[in-house]
Each structure stands twice: as C-alpha cells, then as structure tokens.
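In what comes next, chain A is part of two complexes: it sits with chain B in the first one and with chain C in the second one.
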Partner chain A sequence: MESLDLHKISVRDLNHFLHKEAPAKGVKQVEVLNPDGAHNIAAGMDYATTIDIQGHGGYYVGGMNKHADITVHGNVGWGVAENMMSGSVRVKGFASESAGASGHGGTLIIEGDASLRCGISMKGIDIVVGGNVGNFSCFMAQAGRLVVCGDAGDGLGDSLYEAVIYVKGKIKSLGADARVEEMTDADYAAVKELLDRAGFKHDPKEFKRVASAKTLYNWNADANQEY
Partner chain B sequence: MSKKLVLEESAGYNQKVIEYIHRASATGLYEIRGMGAKRHLPSFDDLVFLAGSASRYPLEGYREKCVTKTILGTRFAKKPIELETPITIAGMSFGALSANVKEALGRAATEVGTSTTTGDGGMTPEERQSSKTLVYQCLPSRYGFNPDDLRKADAIELVIGQGAKPGGGGMLLGQKVTQRVAGMRTLPVGVDQRSACRHPDWTGPDDLAIKIQELREITDWEKPIYIKVGATRTFNDVKLAVHAGADVIVVDGMQGGTAATQTVFIEHVGIPTLAALRQAVDALDDMNMRGKVQLIVSGGIRTGADVAKALAMGADAVAIGQGILYSLGCNSATYVKNGEHLSAEAEYAALNTAPGYCHHCQSGKCPVGVTTQDEILEQRLEPLVGAKRVKNYLKTLNMELTTVARACGKSNVHHLEREDLVALTIEAAAMARIPLAGTDWIPGHSRF
Partner chain C sequence: MCGIVGLLIKNPKLRPQLGQLMLPMLIGMTERGPDSAGLAVYTSAVGANERKFSLYAFEEDFSWQKLGHDFQQHLGSAVTMVPQANHAILTTHLEPATVRVWLKEHYPSLHLLSVGQLMDIYKDVGTPAQVAARYDFASLQGTHLVGHTRMATESAVTPSHAHPFTAGEDFSLVHNGSLSNPNSIRRKLEPLGIEFETDNDTEAACRFLQWRLREGDDLKTALMAGFDELDGFYTFLMGTRNEMALVRDAFACKPAVVAETDDYVAIASEFRSLAHLPDVKNAHLFEPMPEELYVWKV
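Entry: the complex of A and B
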C-alpha cells in the first residue's frame, strides 16, 4: 500500500501519482493522509485501485471517477463523485451539495446525510444515502437510481426524466412532474440489491417509489407553464 | 368618384406585433426559433478603418507578410492552442447539426489550421477524427460529458451562457431527439429537451474557481480552459472569470445564434457584441491581464472586416457560428447533390418561409440539410462539399483580414489597434468608445 500525506505533498502531486505513477507501478491500494478538506482529491481516476482518504475532503472528491473504489473516512464538500462513470465512492460521514451530480455510472454511498440537489442531472449512477437528502434532490435526473433511507426535502425529483427514486422516510414535497408510484417486485429487488451493496440494513418493503409522470416530456400549453 | 383607400399602419401595433399577438392568442405558447437577433443593432458595420496615408504608411498588399498566427491559453495550460488564424468555429452541437455537418466543420477547420468546438450533446467520433484542434464544451446539461472525451480534447470551454440566450439553457425539440442524439444525451427519444441554465455542481465564482481546478486536475493541467459568457454585465463577468482562473474568455454578444430558443430571448436579452467587446477589453485592462488571458469574441461576426474590427478593438480571436451555417448553404435556394444544384424551395415553403428568411433550425426540417437529424434531409449536405465551402469562407475572411491589416500598416493582424478605427454613428461611438468619424468625440467620455 502507498501512503501519501497531503501535509507533505500537494493535491497536484497526489493526482499526478494517481493518474500516472500508480497505474505504471500497478499500485492496488492508496491511503491519503491529512486531506484536511482539500478540493479535487482523486479527481479524474481512470484506474482500478482502492483509495482511502483518512479525513474530510473538500469539493469534487472522486470527480469523474472511472474504475477506482474510493472511501472517504469523513465528510465531503460539493460535488462528490460528480460525473462518475464507474467504480465507487463511499462517504463515511456527510456530503454537501450536488453529490453525484450528473453521474453516469458506478455507485455512490453516503452513510450520513446528503445536502441539496443530491443526484442532480444524474445519468445512470446509483446513489444510496443512509440519512436524509436536501431540497431539489434528483432535479432533472435523467437515469439511474437514488435510494434515501431517511427523509427527502422539498421539490424531490423536479423535472425527472427516467431516473427512479426510492425513499423510506417522509417526502416534504415533490417537484414538478414527479409522482409516487406503486412498488413492483422489480423495485423491491432493486432496493434490496442497492441496500446490500451499501451494507445498510433496511426492509425494502418500507420504501416508496418516485418517478416521472412524463407530462412535461413534450410542450404542453395547458401545463400552466410549470416548466 | 371612388373613395381613396387610406391604410395607416400603427408604429406600436404594426403587422409584426399583430401577428405576434394573434399567434400567442391561438397557441398559448411562446415562439421558439433558431438563428440570432433579426432587429437592427449597433454593430461592427458602424465602424470603419483609418488606413495608412501620409501620417502612417501601409504595407504592400501582395508582397509584404502579414502574420495571422494565434495562440490561445498561455496562462496556465501546459499545451496552449496554436492556430494559423484568429478565426475559429463556435460551439454547435451534434443534434442541432447533423453528423455530416460536424464532420465537414472538422475537415474545414483542420485544413485552414483553426479549431472547431463541440456543443450541448457531447463529442462525436466523426468530429474528433476530422478536427485537428477540437474544443470540448462543458455545459450545464453535461449531456454526453465524460472524462475520456475530456482527455481527448485540445481545450475545454466551460459555458456559462450564450449570446442568443444569456440566462437560458439549451433546447432541442423532440423532432431532433433521434435514437442517436437521445443515446448520447441519456434522454428518452423524442422528448422536447430543455437543458438546465445553471451548472449542477457549482454556483458562484468561488465555486467556479474550484471547478476549473478540478478540470485541470483531471486533464493534468495540460489543456487551456476557456470560459464562455453571454453578453450582459460583461465587465463584471469577465473579471470574475479571470479571477476564477480562466485561460481564455469567450464573450458571445446578442447577435449570436442558437439552434432553438424563445424569440423573446433572442431579441430582448443581452447586449450587442460591440458593447460587450469593449467591456471585456476594459475588464482585462483593469486587471492588467491583456495578453495573459486571451479574449475570443463571437456573435454576428460575418466578414473579414468584422474580424479585423474585433481584433482592433482588443480581441485575440473570433468565433463564428451562423456565418458558418450560411457558408454551408443555410438560406440558399438550392443544395448540391452530385455536383448539381437542386431546388429546396418546396421545403422552405413547407416551413412557411423562403430562402433568405429562414430561421427554422428548431424544426429539424432544414431545407438544405444543415440543422437536421432527418435521414433524408441530412443527405443534402455532403461532408466534402460542406468542408470545401467552409474552407473557402474562412480563407476569404482571413484574406480580407490581412488586406485591412496591411492597409493599416500592420505586419501582424494582432497589431491592429483601437486607434485604427472610427465610428459612423453616435451609438457605436458610445458603445465601442471609439471617436465619431472626423471628430474626437466619444459620447460620455469627451466633449464634442
């Protein structure tokens, strides 16, 4: 295992190591010490390795990740795993705004709460949040799944496309064109599989499904201009 | 004796306004159309050059060299963009344009040594392959945005706004959201796509600075990062973009085009390119960043004269969108098939328009095959024919640019300066802060 200390090297040095040297040397495990909320840690990974960040991360931890499995042993700032393509990011603490924004693939697990706009514009990523999510989560979410084990804030799933949201707790309000739908066997199986992946113990039967009513997919003069 | 018919049109409620109210009343929806502002605006046409004479001497038109080489992104990027000309091709999406057109643009840009730019919808393999220098846009929608294409790009353009619709998101109506377009954008086929107007993972300029750093980290600080703003509060926006760490600023004025947006945006939001350019240059001067951060201006650049004037006012380069579409045959009565000119009049008529008046890119039924995803219509633009036309157009502009520069005594087009220009109208003099021809008067700055 390689151990890199952000008290001794810069984020640029760290990312250079992760992008160039780690794949060249075949490093399979990396530990990042003293992250102290630094931004852009392990952004742009394109290599299958395990990265443990021992503390809090700032903005865009694991941004655009491909292949790597990243664990943050603390909280993170905005845009954790934004535009992730594959691999995984696990946050042991809380995540600030826009977690998993525009993510195409991979799994983002947040053990605590996620703030506003969790899963905004997501395009295929799976996100599992152990706690609550803030307002406008899954705004314009296009594809993928968000599982919320706690409560959801205002405007959940506003202008959703094909993404699906599962919520265990209360939903403060739904956004335009989002609606609660019946859970099917396929939904229960999906929730179980996602909870298992995250290692969270909940009964899938307790989750509700939120998806798009699709009334805003095409221009509609009678839709009261809610869009 | 028959009575004389007296028809007096109202200035406020003219035919156009009446038509607008009737249409709104019938549909309950605003009009959506393509291209740029159609109203009269102060523009580069309102400026002229003071060429060499007795007080300054010109260079020989055909004998003395005039350099057009242009370098963009020298501030932080390890690999700045080197172009043979300051005339670049603006961002236009695959989706708005057909794959044939994207390929044609790449080929033309490569042949003349300039760059072309992706759009809201990602990078197609055809355009990457055909473009030597490709700028990859990062837009609020992030459709098709991915790290592989990011690393394949030569520069990254973070789009905050567009001149045709500052403050508005992209739009692609269902008829253009085909299987391939929808697949690239992760959208359902046929959906009326209305993109976000704000980025999903940052809001203010402080966040933007971190976002730029992230893109630099992902690409190992190799690629220049452009920031594109629609022209509104340009002085402040440019300052904030420079502060956030941009290598290059792109300012898109209100004459800029679009594939589809609300007419109210196109005609009533934003400021003219002329006014925006002066504000952008002032902002760079104010920060002592002229030459360190390069400035690209777009929005209604059509001719070599426009390019020369933009450069004289302080731009390092220009980007052209609509001019390129016209060069491909937009608004032409005919299209070329196997070397033959065939009439497209029936297709214009079907759109309730005529060659010379069309702005129906949003319909997906482009009569000349430029802004369409229709399998039959897109065949009307053959990539090689399109590439040749765009190459000719860009070469002509470059020749006009060097002609004017030489006449002003410059051996490098980047040496054109504000003192080479005067204004023909008071509006242009005030906006560009260039003296009215034959006077020293700059309204608001000096006395007549």
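Entry: the complex of A and C
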C-alpha cells in the first residue's frame, strides 16, 4: 500500500501520482493522510485502485471518477463524486451540497446526511444516503437512482426525467412534476440491491418511490406558465 | 465568492489566543477572497461612559498623534489613541454624535469604521495574510470575532467596501454572497434617515437590519424580515456584544461549516479553514441549515 501525506505533498502531486505513477506501478491500494478539507482529492481517476482518504475532504473529492473505489473516512465538501463515470465513492461522514451532481455511473454511498441538491442532474449514477437529504435533491435528474434512508427536504425531484428516488422517511415537499408512485416488485428488488451494496440494514418494504409524472415532457400551452 | 470565518472562545483561558487561533482560518480563505480582508473583534469593554471608535486613514503617514492632540484641544476632553498602520482606536467619554460631527468637520477624509464599547473593526485591501500582518491580527485577544476575505463581484475594491460592515454600536456583519436589490433597499431606507457610506450590497443588508433593530425587532425578528426583503444569496455571520450569529438564505448557495468543542465555536465557509484548530478531530461538525438562525452566546 502506498501512503501519501498532504502535509508533505500538494494535491497536484497526489493526483499526478494517482493518474500516472499508480497505474504504471500497478498500485492497488492508496492511503491519503491529512486531507484537511483540500479540494479535488482523487479527482479524475481512470484506474481501478482502492483509495482511503483518512480525514475530511474538501470540494470535488473523486470528481469524474472512473474505476477507482474511494472511501473518505470523514466528511466532504461540495460536489463529491460529481460527474462520476464508474467505480465507487463512500463517505463515512456527511456530504455537503451537490453530492453526485451530474454523475453518469458508479455508486456514491453517504453514510451520514447529504446536504442540498444531492444528485442534481444525475445521469445514471446510483446514490445511497444513510441519513437525510437537503432541499432540491435530484433536481432535473435524468437517470439513475437515489435511495434516502432518512428524510428528504423541500422540492424533492423537481423537474425529474427518468431518475427514480426511493425514500424511507418523510418528504417535506415534492418538486414540480414529481409524484409518489406504487412500489413494484422490481422497485423492492432495486432498493434491496442498493441497500446491500451500501451495507445499510433497512426493510425495502418501508420505502416510497418518487418519479416523474411526465407532465413537463411536452409543452402545455393551456398551463399558462403555471406548474 | 468571498470567505467568512468566525470564532467564539468558550474557555476563558484561550481568550488571549483568539487572534492566533483565528489567523490560519482567515488565511485559509485566501482563495475565496484574495482582494481584501477584515474582522470585527470583541475585546474587554471600555468604561461605562466611554466609547471606542475604529478609524481608518487612507494616507499611510497620517499623524494619529496630531489628531489626538487636536481632539483634546478642540473638545477639551481626554482621549486615548491606539494606532496600528492605517488604523487607530480612539477612546473617549464624549457622545458618539459629538465625535462624529467633529471628525467630519476636521478630518473629513477619515473613515469611521465602527463605534462601540467592545468591538474594534479592522479592514483593508490586500491578501488576508498582508492585512493580518499590517494590523497584527495574531495578537488580538477577546471573546469572539467575525472575519471576511473578499473577492469583489458587485462593487469596487477599496478599504470602505471591505467587510465587516456595522450598524449601530457593537454590531458587525460579514457576508458571503450577493444581493440583487441593494438599491431598492437603499431607496426605502434613506427617507427613514438611515445613511449609507458606500454602494456595497452588504452595507444595504446591514442598514436594513439596523433599521429593523432600531424599530424594536430583536435580531431573530429582523432576520426573518430579511428573508422577505433581501433578494439574493447570502450566508451572513454577525457579531454582537455577547453573541455570534449565523444565517443562510433559503437556497443556501453559499457555504458554511461549524465546528464546536467545549473550548470554542468556529465557523468558516469551508472545513479547510478549521482543520488546524486544536481538537477539531473530536469537534461536533455540522452544516447550518437554510433559513435557520444559529446563535452562540459568549
């Protein structure tokens, strides 16, 4: 295992190691010490390796991740795993705003709460949140799944496309065009599979499904701009 | 962009280290605000009949000694001056109104930053490290402070446009964000006798709160009124004589994170400004929720 200390090297040096030297040497396990809220830790990964960040990360931890499995043993700032393509990011603490924004693939697991705009504009990523999610989560989410084991804030799923949200707790309010739908066997199976992936113990039967009512898919002149 | 920091010391033994503990917090926010910096610090109170005035001189070679001399000559009243670079703290038992008029008449180019019994304000252009060195922030002692690093987006980069802003005595406010209706707020408040010193959006928010507090609102009620009147994005961090308070607008586009231990409450736009604090690993860390008022008492 390679251990890199951000008190001794810069984030640029760290990411250069992760992008170039780690694949060249075939490093399968990396530990990052003293992250101290620095931005862009392990952003732009394109290589299958395990990365353990020992502390709190700043903005964009694991952004654009492809293939790597990243664990943050602490909290993260804005935009964790933004635009992730594949692999996984696990946050042991809480995540600030826009977690998993625009993510195309892979799995983002947040063991604590996620702040506002979790999964905004997601495009295929799966996000599992052990705690609550803040207001405007999954705004304009296009594809993928968000599982919330706690409560959801205001405006959940506003202007959703094909992404699906599963919530165990209370939903403060739904956004425009989002609606609660009946759970099917496929939904229960999906929630079970995602909870298992995250290692969270909940009964899939307790989750609600939120999806798009699709009333915004086509322009409705009679709506008089009221939605 | 801008960065905000706040530190309230609960453990009296640490109060002599207020500046030292805060300095890496302010410098940690340099990338968010490289063009100006400032802070309001709450120190031990002056005498019950006294007030202290934080003053800023644009000329570097300004003679504070001469000002002190003129003050005593003209007003026949004792005054103490504590100068530090372009800044000085003037302490007197004369009424604030008298001092204001005298300063305006005899030293019109001076900028009066604040009036109060506990609060001193320092602010200037330059990187946070430069401003901190110029005013020796590391040596500051006291119970609490609120600080700011500025990246100007809506008005000029001058010492007057730097934060904190103040309204009334011992009240300070720093702002991360931007307001879109400062001019309409100004048009509403000026006829009510509220004077503005700059065209800065944060000053408009500060004057709005000043007006509400003047009309008898407590801080919470004033901020609730602010949710309706202030159009834009904001995380506000405020200082009063014995409190530090924080509020974020409904959309919470501007960040903040809080670390609380038995010894202190520390607030910054981002965790990287808190990482150096003693025992932060065991601190209670959380993100303040939108439209909720958080108040910590000294």
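One rule holds for everything that comes next: the second predicted complex is superposed on the first by the 224 of 227 C-alpha atoms of A that agree within 3 Å, B and C clash if a C-alpha of one lies under 4 Å from a C-alpha of the other, contacts with A are read in each partner's own complex, and residues count from 1 in each chain.
Throughout what follows, a contact is a pair of C-beta atoms (placed from the backbone, for glycine too) under 8 Å apart; a residue touches a chain by one contact, two chains touch by 3 or more.
Quantities reported herein were computed from a predicted structural model and do not represent experimental measurements.
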Which of chain B and chain C A:78 touches, first, second, both or neither: both
First, second, both or neither for A:53, with chain B first and chain C second: neither
Partner chain(s) touched by A:217 [first = chain B, second = chain C, both, neither]: first
Touched partner set for A:176, first chain B, second chain C, both or neither: neither
Chain B versus chain C as contact partner of A:109, first or second or both or neither: neither
Which superposed partner A:37 touches (first chain B, second chain C, both, neither): second
Comparison of chain B and chain C by chain A residues contacted: B
Shared contact residues on chain A - chain B and chain C: 39, 58-59, 78, 97
Parts of chain C lying in touch with chain A, wherever the complex brings them together: 250-252, 255, 257, 270-276, 285-287, 289-290
List of chain A residues in touch with chain B within their complex: 11-12, 15-16, 19-20, 39-40, 43-44, 46, 58-60, 63-64, 66, 78-79, 82-83, 85, 97-98, 101-102, 104, 117, 120-121, 123-124, 139-140, 142-143, 161-162, 217-219, 221-222, 227
Residues of chain B that touch chain A when the two form their complex: 27-29, 141-142, 145-147, 150-151, 173-174, 185-188, 190-192, 194, 196, 200-202, 207, 210-211, 213-214, 217-221
Residues on chain A engaged by chain C in the complex (per definition of touch): 36-39, 56, 58-59, 75, 77-78, 93-94, 96-97, 115-116, 134-136
